[in-house]
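Each of the next two complexes has chain A plus one more chain, namely chain B in the first and chain C in the second.
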Partner chain A sequence: MLTYVLRRLLGVIPVVLLVTLIVFTMNANIPGDPGRIRLGQRADPAQVEAFNFKRGYLDPFLVQYVRYLGFAPSRIYADHATFDEVAGEETAREAQALLSRDGVTLSELEGFAEAHDLGVTEFRGRGLLYASRFRGVLQGDLGESDVKAGKRVGELLGTSFLVTVRLALGSILIAMLLGVGAGILSAVRSRTWIDYSSMVLAIIGVSMPVFWLGILMIMFVAPPLGLPRSGLDDSSLLQTIRHLALPCTALGLISSATIARLTRSAMLDVLSQDFVRTAKAKGLRPRVVILRHALRNASIPIVTVVGNSFGYLLVGAVLTESVFALNGLGSQIVESIVQRDKMVITGGILIMSLIFVSVNLLVDLSYGLFDPRVRHGRG
Partner chain B sequence: MAEVEPRKFAGRSPTQLAIRRVKKNRLAVAGFGVVCVLVLLGLFPGLFAPHDPIEQFRDADSYQVAPFVNPEHPLGTDEIGRDVLSRLIYGAGISLRVGVFGTAVAVFIGVLLGALAGYFSGVTDWVISRITDTFFAIPSLLLAIGILAISEKPKEWIIFSALGLVGWPGVARIVRGQVISLRGSEYVLAAQALGQSSSQVLLRHILPNCMGPIVVLATLMIAGNILGEAGLSFLGIGLPPPAPSWGRMLVDSKELWTIMPWMGILPGLTISITVLGFNLFGDGLRDAFDPKMRA
Partner chain C sequence: MRPIPRSLRFRALLPLLGLVTVLLPGCTQGGLTSANNPDPEGAVRLALATNPPDLDPILISDTTSSGVGSKLFNTLLGYDAELNLVPELATAMPQVSDDGRTYTFELRAGVKFHNGREMTAEDFKYSLERLASGRSKRTNVVRPILGAEKAIEAGRTAGSTAIEGIRVLGPLTLEIELEKPYYPFLHLLSMENAAVIPREAVEAAGDGFSRQPVGTGPFVLSEWKENERLVLTANPDYFEGAPTIPRITMRVIKEAITRNEEYKAGNIDMVDITQGVLPQWRASDHSDEIRLYDQASILYYGFNLEKEGSPYAGFGDKARMLREAINRAVDREFICERIVDGRHSPINGIFPPGMPGHSDRAAFTQDVERAKQLLADAGYPGGEGLPPVDLWFNTQGDNGKIAAAIQNDLRAIGIEIVLKGLDWAAFIEATDRGEPAFFRLGWVADYPDPENFLYFLFHSANKGPNGNVSFYGNPEVDALIDQSYLETDAEKRLGLLRQAEEKILADWPWLFLTSAREGMLVKPYIRNFNPTPIDDDSAGGSQVDWREVRVVPETASE
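What follows is the complex of A and B.
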């Protein structure tokens, strides 16, 4: 089992690396000059260039990528907001004093840098002091917002991450209970009115955009129940539940449709196998056959289904957040696209992908819990 | 004793048998009907739409009028007085084109990579499979959003290319599986023994036998792409206004859903019926091509 877990974990690494490469390549091709975006359209071109230079945007793509991952040190220049933290307060103070002096020479700076474990580069005839630190994805740092001055991407995405996670957990709970339940019931009562009606509902659910269900709920469900139409209020647990009830229900219902359809076919597959017929022939009660024989063997496909639908659920969460004006990861990414805040877009998409990859990894690893044969066979 | 005429049996290909099975499935036929209507509306919107989709009617009995009130505007007008029915009809073209061409892009990439991975195995397979896994790992709509962010003002071809770039891994996985299962079969070995090149074997002998699952997947994928386009427009990253995209119609009337409920209902209903049509037809095709799948 342990080697199996290790092998799966190792298998995830190239995928995660490729995900970062794709997302970062996309990011590099989004139009818009970060310096211009931060400093404004009428800013001095020399300042814009200096800004881009200090952020490393003028460096070759591969260098930027390796720094973003955290395999190469990033340069934090002396005028950066986090320079104090990185270089130490005392060094930072001395550095500022040195830099503000008129006519400071390059060799003086170099001497200072040598003494304090800093670096110096020359840009447009001026010496610039910087500290080198590994600050990238590997160190849990997603960089700095291009638009909001001094805001780390991790900080910006942290609060919205919590919103999305709660929305996703609430929805997957509803979707699993409803979807797996309906799927099993339909398979067991195959070709009866229960089967037909739940499968008709399921195909309608698959076809309906989640944001439209959200709109319908805002129009027809929220007013009679007195539930809030949008936003999130975390003042008390009750308020949080009241605000998340409709979004979770909308997203959960839509996701349950796919789960129900796939669970039904997985269950039918198992029910048609020989050992089920044998169990029935032995005279076991139908209840026992379904719960002990069929369900246990259908559990792996069902868990796989739930794991795979988590991807759709994350996509649905982006749309649901938009309908109900929740400030989640999806809304954050969409807003950043409008503002052309590249680092936040990259970080957001990366986090969403990592959530999806981890969920699928957990699903794979959970097979052993459901089916002892996996433990021996592949372990 | 009268002479008995030998009964004639018309030979039926598997495809003909599948079509017969689809015809017997009433839901699939209904879905096909919806698809046909959509194609007609999408190809010739001018024949059916009563008005220009971007013309604004400002007079008192046309502006923001509810459905079934003014016969000039059977489904009412929107928040700035445009005819809703006409916008829905013109929107069908956008949905259809994005859905179909997006699927075409995905099928092209997916079949190419899936066939290569399945046929050549080894390193080729490993590399392509890792790329497929990676594209699977990024939630589809987010990847499409990221690709669309690269273009300043998205045009239709950019949107369907983005959806195609997002959708191909599903096709690649299915094609790879099919190719692997056919690769060792006797007729393929025979073709190889006759000295046919790899591309001839793939194109002439293996791929035609994978068509069933590809057609089924493509039909369902059109449904998914129509939903995807609606979602992108709803997020405001689809076609810029005044294009009558269905998702855009919903979000543009956002502030007015309570006083103009038809603007919150009609575009969503249209999307749902369209997607339902493709899904029912696709399900029918799947049951017909693969009788084992039927319960």
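What follows is the complex of A and C.
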């Protein structure tokens, strides 16, 4: 079991490398120059070039990628905020003074750099001082936003990830309760009005755009129940639940439809098998037959679809987040794509891929819990 | 088929029960929502359609950031309700040297930053010089200053560098020398970008200053959850006295429908009116809360006066008569009332209502007989012999409908136009190149000065991408505009610019259409909220005096 988990965890590394490489390649090729985005449409071209140079965007693609991962030091220039941190406040002030002086020569800068353990380079005929340090994905740093000055990518994504996790957990809970419940009921009472009506509802659920359902809930469900219409107030557990009730229900209802349909067919399969008949013949109560014997045997496909839905809820709740004004991971990434905030895009997709890999791993591991016939780690 | 276990009937309802219990806390806690329930502590609650990208003055370049920033920062000069320049952190309007190049500002004493330190002239020097740095998005604000070009050049690689023309003459005396006389510079100084900020706060926070800005303004940024909400708390030490309201909260709600619902529920106190929903608001219980106010913008259809082969080009009498005929043929009232639900009004010239320089002459109206007469006088009776002309426009919002209405009006006098809709990027590229002979465009004032319209749209130095896409060139108009830069007397200056406007109108270079109004809904208990024509509908505007805004619950006002 342990070796299985370890092997799976090792398998995450190439996946993540591949994902970041793909995103990096795409980012490098989509239109949108980081300097121009940061400095505005009418920015002075020389200023844009200087920005891109300092951020390393003028370096070859592979250099940027290796640096992003944290295998190569990144350069921080004397007028950059974090320079102080790396070079020390006093050195930073001296460096700044030296650079601002008229007619400072490259050799002067070289002398200063050597004395203070700094690097020196030339850009457009002017010497530039830089400090350097390793900070990349390996060191747990996803870099700095290109668009939002002074905002770390990790911080941006971390906050919205927390929102999304709560939203997804609430939704999957509702989806499971409703979906599995309705699925069992339909299977047990197959071809009755209960079955037909719950399956019609499920089809409506599958086809209903979550965006629309959300708007309807804001308009017609929130007022009579006195629930907040949008936003998130997490000052207390109660407030969090109140604020997430509608979005979780909207998302949950939609996912429950798929789960219900799958549960129904899996249950129908199992219910027609011999051991169910035997169990009934033994005189077991119907509840025990259905919940303990049948449901357990039907659980593998159900767990799979619940796990997948959870993964999608974590990354794909953009529309729900937008209607209910929640700052979730999905909308954060969509915003960064619209704004061409490349560092946030890359970091966001990296986190999404990690989420998918981990949810898959958890789902695979949970099979053993539901069905003892599944064993990991052999063969 | 199979027998139905009785015990399952109710157990299957359990998930539903679970759902209800999730929802229940809401029933007990929520209480009644009334549409008019101001914040109990008297705070004002706004919704933002976007998260402000940056609140560092040198990075502010969008209306949301500028709306938020205006509450946190102060500039040397500001505007009064009529949009005249007035001193803000300066004690009076600056002394101007005889050659019109040097301005001397005396600063107010005892103005405190949010961090408690008193503001001095050195702070202004520092803040303005930062605008030349490589990180600045707004180098254009300081560009007219003597030595700014050199500082901007140096700023690309080093940090902010000294600008020769900015001099501190005393603790509260600041002198700014320009490269050449340029009166609109005073407007640049009143933009949020030119706000004063404390050096130590910038140096402590680095790039992070944009997330935790410190200014001298009436409000302090006390909380900013990115993409979620901002809280601005009243500054008790504000130099003009603390604001009346304790707080402004701004929630980021990207979806217009959600903003509207929150407004109806009384959870936010103001909401923007998005395109097309005005009739619905008019028919609702909230119709009394609709506020439309003039926006310093104009909509026009321009003629390319240098387009070869176009009968509408040039300054000959025939072409001029043709252009006037088109101006007389169009029913602007119909466009304003029927197509855009009263969110536009017909214009009477180049300077929109509410702007300094706006004249009191009557608005352009439809006169079909006169239009036909002009057409005949120009040599095309009933439009005979006049080739159809393409009308280029960008296909956003109501542009297509407006174009169709105009097409209809012109057809009535015998002029055929062919509608040619493009997306914005392609459209603006074509107009910059001067490709279309007839095209739709608009202009929103950067600052409330008629010069902003005349110089960019009609000065021959700006033909093409800079703004003069009608390729209008009139030496007399150029001379009047140029002369206005040297004139330091505000009245005389305005007189020159008005003369220039008259001269331009006589040439009919455009089909003059309408000017827009911004639309908002404002709860009745919000008082003294008076947007000006240069206020955007986001973040409570940038010129509104928020120190005066009050929350007066209905019952208390009686």
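Basically, the second predicted complex is superposed on the first by the 320 of 379 C-alpha atoms of A that agree within 3 Å, B and C clash if a C-alpha of one lies under 4 Å from a C-alpha of the other, contacts with A are read in each partner's own complex, and residues count from 1 in each chain.
Quick note on the criterion: a residue touches a chain if its C-beta (ideal position, glycine included) is under 8 Å from a C-beta of that chain, and two chains touch if they have at least 3 such contacts.
Keep in mind it's a predicted model, so treat the numbers as computed, not measured.
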Partner chain in contact with A:Leu216 - chain B first, chain C second, else both or neither: first
Which of chain B and chain C A:Ser190 touches, first, second, both or neither: both
Touched partner set for A:Val15, first chain B, second chain C, both or neither: first
Which superposed partner A:Ser322 touches (first chain B, second chain C, both, neither): both
Partner chain(s) touched by A:Gly158 [first = chain B, second = chain C, both, neither]: neither
First, second, both or neither for A:Pro45, with chain B first and chain C second: neither
Partner chain(s) touched by A:Gly111 [first = chain B, second = chain C, both, neither]: neither
Of chain C and chain B, partner touching more chain A residues: C
Footprint overlap on chain A, where chain B in one structure and chain C in the other make contact: 190-191, 215, 218-219, 322
List of chain A residues in touch with chain C within their complex: 38-40, 42-44, 46-47, 50-51, 54, 78-82, 84, 96, 99-100, 123-124, 126, 128, 144, 147-151, 156, 159-160, 170, 174, 177-178, 180-182, 184-185, 188-192, 215, 218-219, 222-223, 225-232, 238, 241-242, 245, 248-249, 271, 285-287, 290, 322-325, 327, 331-332, 335, 339
Chain C - residues contacting chain A, complex: 1-5, 7-8, 11-12, 14-16, 18-19, 22-23, 25-27, 29-33, 51, 53-54, 56, 59, 61, 133-137, 139-140, 152-162, 205-211, 225-229, 251-255, 257-258, 261-262, 265, 267
Residue numbers on chain A that touch chain B, as the complex places them: 14-16, 18-19, 22-23, 26-27, 29-31, 187, 190-191, 203-204, 206-209, 211-212, 215-216, 218-219, 264-265, 268, 311, 314-315, 318-319, 322, 330, 333-334, 337-338, 340, 345, 348-349, 352-353, 356-357, 360
Chain B residues within the chain A interface of the complex: 130-131, 133-143, 145-150, 152, 223, 227, 230-231, 234-237, 247, 250-251, 257-258, 261, 264-265, 268-269, 271-272, 275-276, 279-280, 283, 293, 295
